[in-house]
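What follows is a pair of complexes built around subunit A, which joins subunit B in one and subunit C in the other.
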Partner chain A sequence: MARIVPQREGGATAISMPATRKKRVFTLTPYLFILPHLTLFALFFGYPFFSGLYVSLHQYNYLRPEANKFIGLDNYINLFTPGTNQFRNFWNSMGNTVQFVIYSVPVLIVIPLLLAVLLNSKVKFVNVFRAIYFAPWVLSVAVTSLIWWWIFQSQGGLINSYLRVVGIDPPRWLATLPSAWVAIVVATVWWTMGFNMIILLAALQDIAKDLYEAATVDGATKIQMFFRITIPMLQPVLVFIITISIIASFNLFGQPFFMTQGGPVQGSGDRGTEPVMYQIYREGFERNNQGSASAMSFVVAVIMVIISYVNFRVFRQRD
Partner chain B sequence: MAVKAAAPASTAVGRRVGIGRKTLELILLYTLLVVIAMIILLPLAWMFVTSIKPKNELFTRDPQWWPNNPTLDNYQAILNNPTTPIFTWFINSFVIAAITTVLVLAIDALAAYAYARLEFAGRDKLFALLLATLFLPGLMFVVPNFLTINALGLLNSFPGAILPGLGGVFGVFFLRQFFQTIPKELEEAAFIDGANTFQTFSKIVLPLTKPALATLGIITFLASWNDFLWPLLILKDRAIQTLPVGLRSLQGAYTSEYGLMMAGAVIAAVPVLVIYILSQRFIVASAISSGVKG
Partner chain C sequence: MLKDAFVTTRIKPYFSLILVTLLLASLLAACGDATTSGTTSGVATTAAGGTATTAAAAGAATTAAGATTAAGAATTAAGATTAAGATTAAGATTAAGATTAAGAATTAAGAATTAAGAATTAATGGTSAAALTLPANCTNVALSFWNPFTGPDGPFMGKLVEGFNSKNPKIKVTMTTQAEYYTQLGTAAASGTLPDVAIVHADQMATQVFNNILRPMDDMVTKLGVSASDFPEAVWKAGDVAGKHYSIPLDIHPMTMFYNEAMLKAAGLTAPPKTADEFTKAAAAMTSGGKKGFDITSGFPVMQIFLQLLYQNGGTAFNADGTKATWNSDAGVKALQWMKDAQSKYSDPKLETDAELAAFKSGTVGIVWNGIWQTSSLTGTSVSFPGKATAIPTIGAKPATWAGSHQLTLPVTKGAADACKDAAAAMFIKYTSDNSVEWAKAGQIPAKNSVRNSAEFKALDPQASIAPSVENAFFQPSVPGINDALAPGPLENAVAAVMSGSQSDPKAALDDAAKRADQVLADNKAKFGDKPKS
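Here is the complex of A and B:
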């Protein structure tokens, strides 16, 4: 990893030290290379870590800066004090987020795994099918959510039209629970399963073929081979996929924003499909309470980091 | 090609019954593959079909997969409506995605080369610090970055929409890996010939990294084109919004005008689908490499 130094006198970088002394030379060049990125990184990834903490200790509204004031840990205390609006909204949305993680992650593992196994067959045109299965991943959350919002409409929606043809009295998908979650999970799975599928497919292709050949000689069935060879060999990748799927599902925002607007509103006033990211958006930018929204962000971030950490511990132990 | 490879498996022993079974398995497999492909493509087809339906054909008793009177009225209606300036949104999305892509490539390539090849005090510690932020949830940066953009007076502007994304670490990490695979001898030779660090970087290293730059460029463009939450917060005026944010305005501006909304969705979807069809290899490769990073 030695820095490359001009070998002859009068090199264009004006460094003409003997090669043996090159490590002593200070040159500005590397710093100029990293400067543009490091500046933007510091401003938008380093500084916000601290300014976010600072804001979370204040009653803060960017539209009325004169009223901003230091309130210590009050924003955090509110989040953990039953009876406050923040407590109710935050933990309701937290509960919704956990529900969504529980509904979506298993589906986002099982379906991509089955698709990857199918696409791992040595037949013609698998690349075409792989391309088709992956395609929805390139769309925006806006397009995805609008399409499924329309498909799940009670009136004129594709799914209910077919259900009526079959003679089933269809639910009002987006306006009732738990069917609103079904709609959101279906849209999410359609949109993102291709990503998990591609990673699992790459891992499948890395499994040594002679394992299967040996098992075939021993008379193992395909089902046996799937559970005794494929799954164990995929385990590290599966843990990784589960981790990133949990994190992605924790960040749920656009789908309910377009499809349900966080509703349906329950009798208690709680919003049925409002995940925590949506709650942070409303607290910070609809109710203009950026201090409280920052506190919520930090609590969620800590929870997410803990989840990732636990997952990777599991990953390391079994590796 | 692959079918031939499978052929030897049906050996003489199993040939009498084996070939029949193999063929049957193959037919089953293809049927399954095709059915799944159709299920995945149906929502896109429905989006497109809805967008060319006249309003009176939207709510039929049985779903109609082709309108009796196909029409472009929905497209004309949203294109000619000043409250839903979809053409402007398209241009805004394109300009923001293009500028973001060019700047990310330039900034990240410079930094990645330094972290991969140049020697300076604290290099590896600094890079480890950058990497660590990849594991931090993005949502914790949203509120403070919004306040920073506001303090800089950049709310409601393209720079406000573009700047925070340029500090991201993924591109630096991604390109650094490729720079490390280039044989050092090439750069040393360039130095001997009198090239300075920047010349070596731009004339020798960059041309060798074109596939990686293309991959990063495509995913950066797609991510920017599709980004929703950040432009939703920053771009308040309709005239400077991007397509995904505009689609929300479109959804709010009409009730039950699903033809119009699907026309808007088609306009937002077609460019990325075209890019995807043209550069599928790069996109799939980048998905794998971004997945393997963990």
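Here is the complex of A and C:
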């Protein structure tokens, strides 16, 4: 008996030795696998994040390191103090971006959904149509904006020329509100609907055919099938699409930059279509206030996290 | 899940993509005329981008290939953007001019004798300074030169650089044209890769100095033998920042009046208006039915037009030290009211940026005011009627012209300045300034008085007829970040709000803008301090 115990102990150590070794190998391998991504993540997300946080707490101009100084939360306080230029600029442009999100996201869901349903049916040349609707997505924002600027511009633009021929006094699309938003939303929808459409199309093709067959046998109409089968089956994908569309719309920059230069100016002296990303760019790189621009970025990021969270939350409750 | 859809759509999207791209390309080519007019709309940047690259490539090829091919390449590049006829002529002149000049200067570069020096001075337009030469121990000096000339003007600067290189075999200047120019300069400064010579706009001078981009040029100014008296006073003073001088002015680009001569004549007038009364008469006479006498936009350059009228009425935008906005004076209110009245009487209302140019080009508008850089798209063969350009009229009590200016500057160096590079930079700056008549062909007014008064410049139309107005050009105080108070900023917004009709009270708009601007100026003063580092 007495001999067995040390044996057991010996055995136990013999077992535990490889066990720790095994454990070490076990812990290292997955980290090795995620290392490439982790490195990139740390380099391009982690570092800029903390660096941005650091910068946002300073009066910061990267060209004048000699004048940079710690100012605590002043950059944030400015953003929440009515009457400062930062407050007016930031919240005006934030309001503009939110308006754009509200105008564009529903259209960016409904039109691609309808297109996807149409293109999922057995139409002739269906692939050609799919390609046509998807094609604008690969264009750059500059090209897209240029085309639509030319279509909407008031003097000799495509739309207004035809309106004049018909005898209608044409609106100044890009120089008045809300028509400037109409122009920007139309350009954006034309440009990005293809991507949403392709994802919805893929999801549609994933829905089992027998569901529809069963519904047909039960005498359901096409419209009933759409609302009772298609929409519920698409729900997870729709949540995803709504979220990425909201985020993409929040990142609005190029279309107003090229089409309206942020104008028209409202009576308050603030620009009517200048998005918040444009304002951050101006604060950081035209006015060289990287501190204040970083603070703005963080406020936007927090708002976007909240919106995404609420979005997922709302749809998860329905599940 | 996604796989099926992607497989079925994999091939054909690309196929039709190419088709769509081709279609777009042809569409772009077809309306290229309209797109190049968009100076601020970024539209132009894309359209002209291709040209700039071609020009840069041509520039790079030059030194290796030899002058004839290079001149040919440059002409083609220019021809692609502007009217073919005009360009070929300009190209030919330049090529010819360069050859003659090259002959004269080779001697100067080869042996530094006084006689050859005198020959160069004579050839380049008569400055009193002795010829600049490289120190004896310098060979193969590489000089980098940055500018923001992404438009059709880029190739003209490229030709100047080629001319300099072919005359100075020991120096090689490499030109780089950048869009988003000041962001590029900033990032280059942060990474220690600033060029040796750079173009900087007059209104950016103080900002770039305080941002540690530029170094003082006082020593070089002495060496170059130029002084304030060689240039219009205001444009030279734009290079004075906190007691030091930072630049040599290259050109002045003033606000210009473009008019449709056919409409003017049809209205019974013989000459473009020069005074307020003549202007009102002409604008009224040309406004009838669908035709407009004077189109004024609500976007760019409406603030520049306002500033011009403000100065003509005896006002200023800022107090002398640039700490307070003063545009909400009576002179300012009067200026803005005049613009609003002119808009309601003679103009299409609520025009966005460049819409007035599009209207002018369609032949239904008598007069527009815009920058001189629009000359090639609003005159000559670009329009189907006799489109002309001339100096802007004096609406207020005294003449004043809004203008910008490109200036040659020396960016800061990483370590101590290289004597060879500095000598080469001085030679290049002198050459560029003295030969700025070549640059004027791109549609600019040379800053240097002697060049502006030369017979060669006076033969240029319409530049020569616009040139007198630059004597009255005004510039803003040399305060870092002053543009933040103007555009994009409070003043531009206020003027645009009034012109687009969203604000009906000019005085209230200007007051609010002044209040916001004062805050910007105070913030900037706290941020930048009084003295730059160098």
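We take it that the second predicted complex is superposed on the first by the 268 of 319 C-alpha atoms of A that agree within 3 Å, B and C clash if a C-alpha of one lies under 4 Å from a C-alpha of the other, contacts with A are read in each partner's own complex, and residues count from 1 in each chain.
Quick note on the criterion: contacts are C-beta pairs under 8 Å (C-beta built on N, C-alpha and C of every residue); 3 or more make two chains touch, one makes a residue touch a chain.
Because the structure is predicted, anything quoted here is derived from the model rather than measured.
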Checklist entry - Of the two partner chains, subunit B (first) and subunit C (second), which one does A:118 touch, if any: first, second, both, or neither? => result first
Checklist entry - First (subunit B), second (subunit C), both or neither: which does A:175 touch? => result second
Next on the checklist: If we overlay the two complexes on their shared chain A, which of subunit B and subunit C does A:73 touch? Say first, second, both or neither.
Outcome noted: neither
Item to check | Larger contact residue set on subunit A - subunit B or subunit C | outcome: B
Checklist entry - Is A:202 contacted by the first partner subunit B, the second partner subunit C, both or neither? => result both
Item to check | First, second, both or neither for A:264, with subunit B first and subunit C second | outcome: second
Item to check | Touched partner set for A:59, first subunit B, second subunit C, both or neither | outcome: second
Checklist entry - After superposition on the shared chain, which partner residues are touched by A:84: those of subunit B (first), subunit C (second), both, or neither? => result second
Next on the checklist: Output check: A:154 vs subunit B and subunit C. Expected answer is one of first, second, both, neither. What do you get?
Outcome noted: second
Checklist entry - Where does A:310 make contact in the superposed view: on subunit B (first), on subunit C (second), on both, or on neither? => result neither
Next on the checklist: Quick check on my understanding: which residues of subunit A belong to both its subunit B contact set and its subunit C contact set?
Outcome noted: 62, 130-132, 134-136, 138-139, 142-143, 146-147, 149-150, 153, 155-156, 198-199, 202, 257-258, 285
Checklist outcome for this item: Listed in rising order, the residues of subunit A that touch subunit B in the complex are 1-8, 11-13, 23, 27, 29-31, 33-34, 36-38, 40-49, 51-52, 55, 62, 115, 118-119, 121-126, 129-143, 146-151, 153, 155-156, 158, 161-162, 164-165, 190, 195, 198-199, 202, 240-241, 243-244, 247, 250-251, 253-254, 257-258, 277, 280-281, 284-285, 290, 293-294, 297-298, 300-301, 304-305, 308, 312
Checklist outcome for this item: So, in the complex, the side of subunit B touching subunit A is made of residues 1-3, 5-6, 26, 29-30, 32-33, 36-37, 40-41, 43-44, 46-47, 50, 58-63, 106-108, 110-111, 113-115, 117-120, 123, 126, 130, 133, 135-148, 150, 163-164, 166-169, 172, 184, 187-188, 191-192, 194-201, 222, 225-229, 233, 243-245, 247-248, 251, 256, 258, 261-262, 264-265, 268-269, 272-273, 275-276, 280, 283-284, 287-288, 291-292, 294
Next on the checklist: Help me check something: in the complex, which residues belonging to subunit C touch subunit A?
Outcome noted: 1-6, 8-9, 12-13, 15-17, 20, 24, 27-28, 31, 34-35, 40-43, 45-47, 182-183, 186, 189-190, 210-213, 298-300, 348-356, 358-359, 361-362, 481, 484, 488, 490, 493-494, 496-497, 500, 502-504, 509, 512-513, 516, 519-520, 523, 527-529, 533
Checklist outcome for this item: In their shared complex, subunit C is touched by residues of subunit A numbered 59, 61-64, 66-67, 84-85, 88, 127-128, 130-132, 134-136, 138-139, 142-143, 145-147, 149-150, 153-157, 172, 174-176, 198-199, 201-203, 205-206, 257-271, 282, 285-289
